[in-house]
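I have a structure I would like to understand better, so I am pasting it below and will then ask my questions one at a time.
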Amino acid sequence: MEPSSSLLPKDLQRIYKSLRLIRRAEEEVARIYPSDKIKSPVHLSIGQESVAVGVCDVLGRNDAVSGTYRGHATYLAKGGSLKGMMAELFGKDTGCARGKGGSMHLIEANANVLGSSAVVGTTIPIAMGWALAAQKRKTGAVIAAFLGDGATEEGAFYESLNFASLHKLPILFVCENNGYAIHTPLSKRWATEHLCARVATYDIPTFRIEDGDVFAIRNVTAWAVDAARKGAGPAFMECRIYRWREHVGPGDDYHIGYRQKTELQPWIETDQVEKVGTMLDAADRTRIDKAVEKELAEAVAFAESSPFPKPRALLENVYAG
Amino acid sequence: MEPSSSLLPKDLQRIYKSLRLIRRAEEEVARIYPSDKIKSPVHLSIGQESVAVGVCDVLGRNDAVSGTYRGHATYLAKGGSLKGMMAELFGKDTGCARGKGGSMHLIEANANVLGSSAVVGTTIPIAMGWALAAQKRKTGAVIAAFLGDGATEEGAFYESLNFASLHKLPILFVCENNGYAIHTPLSKRWATEHLCARVATYDIPTFRIEDGDVFAIRNVTAWAVDAARKGAGPAFMECRIYRWREHVGPGDDYHIGYRQKTELQPWIETDQVEKVGTMLDAADRTRIDKAVEKELAEAVAFAESSPFPKPRALLENVYAG
Amino acid sequence: MPAKAKAKTSKSKTGAAKASGGRLLKYVDALKEAVIQEMDRDPDVFVFGLDVDDPKGIQGSTLGLQQRFGRERVFNTPLSEDAMTGMAIGAAMAGMRPIHVHIRMDFLMLCMNQLINMAAKAHYMYGGQVKVPMVVRSMIGKSWGQGAQHSQGLYSMFMHVPGLKVVAPSNAHDAKGCLIQAIRDDNPTIFVEHRLLYPTEAYTPNDAYTVPFGKARVVAKGSDVTMVGVSNMVIECLRAHELLAEAGVSSEVIDPISLVPLDVNTILKSARRTKKLLVVDNSWLACGASAEIVARVLEEAGPEAGIRVQRMGFAPTTCPTAPNLEALFYPNPATIAEAAFKLAKPKARPWKPDPKQAQLAYQMQFRGPF
Amino acid sequence: MPAKAKAKTSKSKTGAAKASGGRLLKYVDALKEAVIQEMDRDPDVFVFGLDVDDPKGIQGSTLGLQQRFGRERVFNTPLSEDAMTGMAIGAAMAGMRPIHVHIRMDFLMLCMNQLINMAAKAHYMYGGQVKVPMVVRSMIGKSWGQGAQHSQGLYSMFMHVPGLKVVAPSNAHDAKGCLIQAIRDDNPTIFVEHRLLYPTEAYTPNDAYTVPFGKARVVAKGSDVTMVGVSNMVIECLRAHELLAEAGVSSEVIDPISLVPLDVNTILKSARRTKKLLVVDNSWLACGASAEIVARVLEEAGPEAGIRVQRMGFAPTTCPTAPNLEALFYPNPATIAEAAFKLAKPKARPWKPDPKQAQLAYQMQFRGPF
């Protein structure tokens, strides 16, 4: 899809910056990982950036996202601090969760990044609760709840769809369907692939995007967010997408046998980071790439130089207040 | 619907006998209840008998059913012992669960009545496990899993549909949709009434019967059981039906305000017990009615005269083997 | 009537009732009053759960709330305990104060993932960035053959996991004060109500007040043996206290009120004095509240304190429905008194109270609805 | 290497290894061997769960099973823990013997309803008409920042509820024997595996054998203090035992192996002799296995036995990910030895082992995959 005509060069630059930052941040995590400085299981979203970026580009600061343990992209796209994330992965006191959450539990209350969970599906109803609060308080805010294809197998997903529709909650469910749960393909887990049709039986408008196109994702989100703000209730978007790296860890996994590298090829060819990059002026792109590298270097340096939590932090924050 | 032409008078008599026995047994429970001899919460299915009877009339002895806490009808229709049920309600040692289960946990292993549960939805996946065992052992047996409309709101229902379809398990899901969960109507619980359409997205054949017609229910079951025996996998039947009495207890509840008696009227007019009764020879009907009363009197006498469990029974059956 | 006896004790201990007037109030009405007063005070409080707005209103405890506060703040839900719990957590993280009501504690097993893996942990694992101020009201069923799945008191599972608070008030006064405390508390609180307590009355102040968590109450004084009761077992212990008095045994009865935080000191002080500790729980013994109380007391006291301990609770079986077996399944004033007597006077001739006398008035009255 | 030290003790105690030959086997391979031998023996045994047939095969413990036994008997599932658990129960009620595998114990919170309300109760509440012979394998995670939701040892919740058995073997020998016992057992068994034990080796007989439930094992003899460890804490206690020996303290180490049924007598006998009991658990203290063990021992022993008790386990917090905090969260050989020393010699000058020495070899080696 072409970007909608209303997108200005500065919009393209913003979108590219976000895509590029996420890609490079995760590549950097992968680079550092063998040093054992990051003692946290990392689930990279390299290849899946366009979903988070397409969605979050539409959301305002008062809108929210909830993510999964594969949540670096969601966190960064919504405006989570890169320094806070890097420090968190390093287990430092300056991390976004003070070194208590790690890669799977990124959060940034200021940017309305609601936090992610290592138990699949858990954050779906939690996002719905945030939407309920937004509705009751009439804030006009909307939440995008990210979930994997695996999460659609958990009962809580259906319970949430039903309630969200019944109460017309301002929530956009975003399914990042990368075809696998760890190493298990859809065919071993889904009776059928009629996910959108199923969700539609709750009277929830559904959209399926086959190619990870960041502009298509952005357009659907814009429609859904607008509708939700007007009180129309939830929407659902299924994005076919592909995880380039291994399920957890920094490397790839085409050698272990559950998938072929040929699957990856078409996704590399339509890589959204590259695609949007080529739409920019070369000079703009270079400028952004440099800025990204600088941010990244600063974030790593920040993480490296930050202190570990003090021992007494162990006992802090068990109870609030 | 008219009975299919293949039904002989003896079939009609058998169906009537089953309908009549269940109706009268529950009326008898209601009659006895104020005496406080039955110290167990009873959820009567008066008015809903045709679902259990229509389904179970098709099932063979090696087939199974799993029921809900509103399970007297399922239990009796599948061939559970009336004496065992009455004694169980009286809390006697001769009860089908030795006085340890009560009305909500009827079971009869000999008749493949798999047991019911007081936690809504719990028995759905359990029935699926029974179906899995039948499939693995190639017994050719089929299970009918009964559930209320409320149970379709629990996530386990969707998890079960997905797995049952994925593995083509020999199971018929039977939803007794009486429009209420305790006192709460569908409109407060379901985003839409597209239940069959939703189930169909799992590639499960679905059927909806609007009027509780015992023959229609029987026909659908016959089709589904036949298909399942041939390896076609699960089917789903939604039966609209009406609960005549209060949610729990022996009386009715039209005075408490959540529903009007006018809702009941059409269901009384199409009462399946009466309808099938009028299809019989008067003499046959009288003979069956008498037999039912006799069985009933014997069961009540049996329950009355049976001993309570011995105190040591408290500690028995905690662990098997 | 023991409930009133208890109420008086409670009144004299707290002084609260006297200070602000007050009247005899049923437990069920105290729960409702707490919610009304907090909803009046704080627009972020809302109540939801299966059947909260139906004609029976959770045995009356939510009756009329929807009429008063509207559908926005009091609403029914589908049968979806898991997602509804997650929803409460999300709303709480967004700054609201949900009260999620469950008519049976057994149903919490459907939402353990959200309660244990999210509610208990969010504040900590997100480095203090969020709070989860929610209340989970849940009722323990008993009697009339409710059986295996409608009778459990599963609070020890929640006591096990840091981040949750757990309270189990035994009377109307504490029910109101604890519920207000729980609503105002910034942490997820599992609020345990025993069905048989609903009709019991106690003097209860009219105005809003809090009963602090982590402060046990000595509800009857004594010197020969210390009895700790949980939830309605406080009432059973108080009746046993009376029976024991007739047998010449002076027993102290302690109501921990909150289980997390747990006030071990009050129990320890009493047990050091009496040197006999009987903990009577509303659940099974293994890894239950009774295990924790006994372990904490003896870990702190050491063998030199010379405290003899005993636990009572559910029989180590599933709850049966036959009335005679059900009676054997639960501790009752007679069995409690008998055990306490033996603890207090190990060398005396065994004694059993007259079982007739031992029946609790409220128990004899109770029957459905469930 | 302590794991081997342990293995030898185990061997000499059971005699089983010697009797039937045997060889050093890894815990992970012992698990797999148990399943293979039982599946060969009994066509009703089957294995399923998330990722059992994937290229990593539950850290190797199910690797190759599908190739050997086919998709009918070894299969992956959707992410539907709740329904899959009910399915196992139903299949078990129909006479099969399912083994349901969970790569983290934390995920059991999704299927508590089926485990607590159905599996534990079916045999009893259906009056003995059905049995539920199923095994729930579940792994406890640790290290490398797995954090709040991938590190819990929630077995005490299952210990609380009658009808379930709970076992937590600490070495390859017991892993194999307990798993075979669990598969043959007619009751639902929660089988607890610690991730860090997987690479540890012990002498393990070639043939099928069972390790009986309800029989604790004294894995190291001593006279000054009794240490009870649960699951991998047995290994940590054995290392502490060595450290203590260097400080002149003779400690006895007991492995309960099965938590339900629990062999209190073996612990009691030892504690009566040493008069000091340290229970080291793999979870939180409150209402945990450590509470139950301490309560049972002291309830039976009475104050006249003069036993001093102490519990150790997780810090009373959610598990943090920062490596320095994570290290503080868990008991380790050094902190265990320090506590045991203080218990054994309350009047001696406080002693701490050299922390370097106290590192366990396997802990230093361990890192992902998770």
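We just call them A, B, C and D in the order they show up, numbering each chain from 1.
By definition in this document, contacts are C-beta pairs under 8 Å (C-beta built on N, C-alpha and C of every residue); 3 or more make two chains touch, one makes a residue touch a chain.
Note that the coordinates shown come from a computational prediction; the quantities given were computed from them, not determined experimentally.
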Can you list every chain in contact with both chain B and chain C? A, D
How far is the middle of chain A from the middle of chain C, if each middle is the mean of its Cα atoms, in Å? 42
Interchain centroid distance [CA atoms averaged], chain A/chain D, Å: 37
Return the distance between the CA-based centres of chain C and chain D, expressed in whole Å. 32
Could you list which residues of chain A touch at least two other chains? 95, 99-101, 105, 117, 119, 153-156, 159, 162-163, 166, 188-190, 318
Going by the touch rule set out above, which residues of chain C reach two or more other chains? 77-78, 80, 82-83, 106, 109-110, 113, 117, 124-125, 147-149, 162-163, 316-318, 320
What kind of graph do the touching chains make: line, ring, star, complete, other? complete
Using the touch definition from the top, list the residues of chain B that touch chain C in their complex. 36, 39-41, 91-93, 95, 99-105, 117-121, 150-151, 153-155, 181-184, 188-190, 248-249, 256-258, 308-309, 311, 313-315, 318
Okay, in this complex, where on chain B does chain D touch? 66, 95-101, 105, 107-109, 114-115, 117, 119, 122-134, 136-137, 155-156, 159-160, 162-163, 166, 316-321
In the complex, the residues of chain D that touch chain C are 106, 109-110, 112-113, 115-117, 120-121, 124-125, 147-149, 152, 154, 156-157, 159-163, 260, 275, 283-292, 294-295, 298-299, 302-303, 305-311, 316-318, 320
Listed in rising order, chain D residues that touch chain B in their complex are 46, 72-73, 77-78, 80, 82-96, 98, 113-114, 117-118, 122-133, 162-163, 165, 185-187
Name, in rising order, each residue of chain B that touches chain A in their complex. 153-159, 161-163, 165-166, 188-192, 194-195, 197-198, 201-204
